[in-house]
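Got some structures for you, see below.
Next, two complexes with subunit A in common: one pairs it with subunit B, the other with subunit C.
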Partner chain A sequence: MLPVELLLDGITFGLILSLLGVGITLIFGLGEVLNLAHGEFVVICTILALMFIGRGVDVTLSIVLSLVIIGLIGIAFERLLLFPVYREKGEVRVLMGIFMTYGLSLAIHSYLVNTFPKVHFSVRVPYTEIVIGGLSIRPSTLLAAAIAALALIALGVFLKKTYIGKAIRTVAQNEVGAQLCGVNPASLRTLIFALGAVMAGLAGILYGLIATVTATLGLDFTTFAIVVAIAGGVRSVYGAIVSGIILGIVHAFSSFFLGASLSLVIFLIAVILIVLARPEGVLGEKG
Partner chain B sequence: MRKVSIAQKLLIFVVIFTIYAVLPLPLSNPYYLRVLNLLVLFTLFTISSNIIFGHTRQLFLCHGALIGIGAYTSVLLPKSLAIPPWIVIPLGALFSACIGSSISTISSLRRLSIILMAVFTLSFQIIFGEVIVGLREITGGDEGLILRQDLVQLPSTVNRELFYYYVFVFLLFVSIIVYNRIVNSHIGVAFKCIVEDEIAASSVGINVIKYKVLSAFIGSFILGLAGGVYAYYNLYISPSLFNLDLYILVMLVFGGMGTLAGPLLGAGIFTLVFEFLRPMGPITTLIFGLLLIVLFLYFREGLVAWLRGLPTLYRAGGRPSVE
Partner chain C sequence: MSNEVLSVKNVYASYGDFLVLKNVSLEVREGEIVLILGANGAGKTTLLKTISGLLRPVKGQIYFLNRRIDGLSPHEIVKMGISYVPAERALFPLMSVMENLEMGAYIARARKEKEERLQFIFQLFPVLKERRDQLAGTLSGGEQQMLAIARALMASPKLLMLDEPSFGLAPKLLPKLFKAIKQINLEGTAVLMVEQNVRQTLNIADRAYVLENGSIVLEGPCDKIRDDPLIKRAYLGI
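Right, the complex of A and B next:
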């Protein structure tokens, strides 16, 4: 495998990581809840897609349907489980958020692993490899990278240009100030949580293009997502995107040269070092 | 704060330990003895978690790794160096304590917020699992490590389960005394101040970092010690045995943080609940996950605070006042 191909794989995986990290960043930015159940949305979404495909629904349609449903599940979780968290303030809220989502994550994880032990989700794209100047590129990798990049750009435009996007950034900056301007943080939080769940689901589907999603991967995805968000500065969306791509490349190279188990260790040690060296993140935005 | 005289305190201790000492005597079924062993073991874990999280609010999501370090060290060291277990188990515990206190030192020096602390310790827990799986030749990897029985030779007249039960109870005894000494000394006062407000605590001259590291050291030492003895008791360790944080936190929150009776009650009740649910298989994690949510929502003060509120409830006929 050539370094350029590895780089491309790394960037694709990195963009998928960015999709996950951005969700964590937005949910934390708006409500100070670190969503430790984020990776489970990835797995739930792929399992939903598989169930639809199993019933004979067209692949694209079932992916869209599963993304819609994961959004609805996100809304349900947020409304049912997180509303008591938002009643609290400061440290208590952070702590409650961690415990709620930690419990939720382990609960969903054990349910999924036991109910769907043999689920393997991967999407096959029926094209042959493209060869450009000696580089062989899998179209599925390109497709995954393109969709992830498009989704991230769409998110950026949504946050920068639309009214709701501006309102979301207002709440992230200053909750009380936003309320004084007539913005309702509660409904925006629900929206962002649903959006985060959909992006996590999309990340799962795209991961299915380049690799295989199994029910056991939920906790790994959660770790990756949190790692990306933390390395990106917890509150910065662009930081999360940049750190996602960097960590994706690091992961691709280290798992190629060192193997999967050791590369995860190196990945996590890198994260600990980032957390310790610059608690405010790679881009240095103050939380 | 109620004043308890020394005689009363002594009486409470004697009662507690008589209960623990007499508990296994009417039982002859090895299964029940095993449950009792787990009960005392989880009580030890919960007491350490109480010292670390309940008293200084350091969120360690890596209890499992600290227990595992104690267990693996005390099993792997004698393999290569031929050291007897009585020396190697405390060594393993010391190693856990060093790791735990360095986690605490680093995170308090860097002033990590609770979020970063959660990420830090969770990453550490995953690294621990991956390293154990990765060092397959030494640790046995995923399949785990089966101990040869000859490491601890018991005379055939001694009931093995009962022997380890009293070893665990002895550790519990020591931990409770240490815990009690700490909480009723100037260290306990410092812990209280840190829980209330760290900045205010440091402004009146309390060395916050020192006390946090101290609590992490003691807590991790107990975790490692219990882990080491557990390895010799169970004769089998594998990385998946050490995903215990959820259970420990449920027990701690249910019993009541920052109290002595809390971990005893929480671990006691939930070990039995856990055994009761065991036939349902790994789905128990689901139930415990949901339990953690419900407890944190509606029962954050814990059983001890609720029990303390009961007399006032009867007297005044109203809601108990929980601070």
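Right, the complex of A and C next:
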């Protein structure tokens, strides 16, 4: 494999990591809840897609349906389980959020692993490799990268240009100020949780284009998501995007040259180095 | 009285077990500037917080334009027409001046009047127009205060509540600030304010209430309050 091909693989995986990290970042930024069940949304969404596909529904339609449903699950989850968490303030809220989402993640994880032990989600794209100037590129990789990049750009435009997107940023920057402008933080927290779940689901679908999602992977995805968010600066959306891409590239090169198990070590060392060098996140303080 | 904008009736409010407001009643009428005086810890900020919905009263009622508002959320109270500028300003530091102002006009009613309000605000505080693309977090203290007031005005409030608007401002800016507040008031917005610069604010205000240990101990038109021996000694240093 040529370095350029590795780089493309790394960027693709990195954009998928960014999708995960951005969700964690936004949910934490708005409500101080570190969503330790985030990776389970990835798995649930792929299982939903598989169920539709298994019933003979068109693949693309199945994927769209599974993304819609994962968003609704996100809304239900936030409304039913996080409202006692949001009643608390400060440290108590952070701790309660961790307990609540961690407990849920364990429950979902054991359920999924026991109920769907053999499920494998991967999407095949019916095109052969493209060869350009000696580089062989898989169309599935290109497709995954393009969709992830589009989703992240769309999110950026939403946050930057629309009234609701701006309102989301105001809650993250100063919640009292947001309320005094007429913004209702509670409904935006629900919205962003649903959006986070959809982006996690999309990450799972796209991961299925470059690899295989199994029911056991939820905890791994959660870990990746949190680590990417931390390296990105916890509260910075753009930081999470950049750190996802950097870590994706690190992951691609280290797993190619050192193998899968060592690559995780290198991955985490890279995170530690980023945090040591830029404690405020890869982009510094900018939101 | 029919021209009451705000009417606070026998309100009690507390932080946890600590009762801060005890049986507070007050009114703001149409077109008035009303001043709340009192020492630190008397409950002035708590009173504004309670009216704005950031704090729920333990007992008592609050009416705004004859509709009961105690128990509503802050964002609902903003929609009804009360804008509150807290002492800490609560700006969005990573957003530009312009974005802060736009968010001030977040509520549906205000979005339609956004352009007119901007004109009024830029004429009131021309410096905000110069700094429109600068991040709010990088403004000076005085500019931040102007932005906080301007952002509150973007919602076209019928009642503007200001907590210590002069706090942290250079003394030479004060006459300008009070002139701006008077101008806002003349545009038809009633003002309820807490202010330490008693002498200057008594000149622009219509009436005043004096809070002591969470209760109102004195109220009246400003010229009467100014002559009260208690006020002279405690606030005017005469």
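Convention: the second predicted complex is superposed on the first by the 277 of 287 C-alpha atoms of A that agree within 3 Å, B and C clash if a C-alpha of one lies under 4 Å from a C-alpha of the other, contacts with A are read in each partner's own complex, and residues count from 1 in each chain.
We take it that contacts are C-beta pairs under 8 Å (C-beta built on N, C-alpha and C of every residue); 3 or more make two chains touch, one makes a residue touch a chain.
Keep in mind it's a predicted model, so treat the numbers as computed, not measured.
Student: So, A:181: does it touch subunit B (first), subunit C (second), both, or neither?
Tutor: second
Student: Please work out whether A:99 is in contact with subunit B alone, subunit C alone, both, or neither, and reply first, second, both or neither.
Tutor: In the superposed model, A:99 contacts subunit B only, not subunit C.
Student: I'd like to know which partner A:169 touches here: subunit B for first, subunit C for second, both or neither.
Tutor: second
Student: On the superposed three-chain arrangement, identify whether subunit B or subunit C touches more subunit A residues.
Tutor: Looking at subunit B versus subunit C, the one contacting more residues of subunit A is B.
Student: With the two complexes superposed on chain A, say which partner A:81 touches: subunit B (first), subunit C (second), both, or neither.
Tutor: A:81 contacts subunit B only, not subunit C.
Student: Which partner chains sit in contact with A:111 here, subunit B, subunit C, both or neither? Use first/second/both/neither.
Tutor: A:111 contacts subunit B only, not subunit C.
Student: Output check: A:146 vs subunit B and subunit C. Expected answer is one of first, second, both, neither. What do you get?
Tutor: So A:146 meets neither subunit B nor subunit C here.
Student: In the superposed arrangement, what residues of subunit A touch both subunit B and subunit C?
Tutor: No residue of subunit A touches both subunit B and subunit C.
Student: Sort out for me which residues of subunit B touch subunit A in the complex.
Tutor: Spelled out, the residues of subunit B in touch with subunit A are 59, 61, 106, 110-116, 118-120, 122-124, 126-127, 130-131, 133-134, 246, 249, 253, 281-293, 296-297.
Student: Within their complex, state which residues of subunit A touch subunit B.
Tutor: For subunit A paired with subunit B, touching residues are 28, 34, 36, 81, 84, 91, 94-96, 98-100, 102-111, 113-114, 223, 226-227, 230, 234, 261-262, 264-265, 268-269, 271-272, 275-276, 279.
Student: Where on subunit C does subunit A make contact in their complex?
Tutor: Of all residues in subunit C, those touching subunit A are 52-54, 73-75, 78-79, 83-86, 89-95, 99, 102-104, 106-107, 110-111, 151-152, 155.
Student: Help me check something: in the complex, which residues belonging to subunit A touch subunit C?
Tutor: Those residues of subunit A that touch subunit C are 163, 166-167, 169-170, 173-174, 176-184, 286-287.
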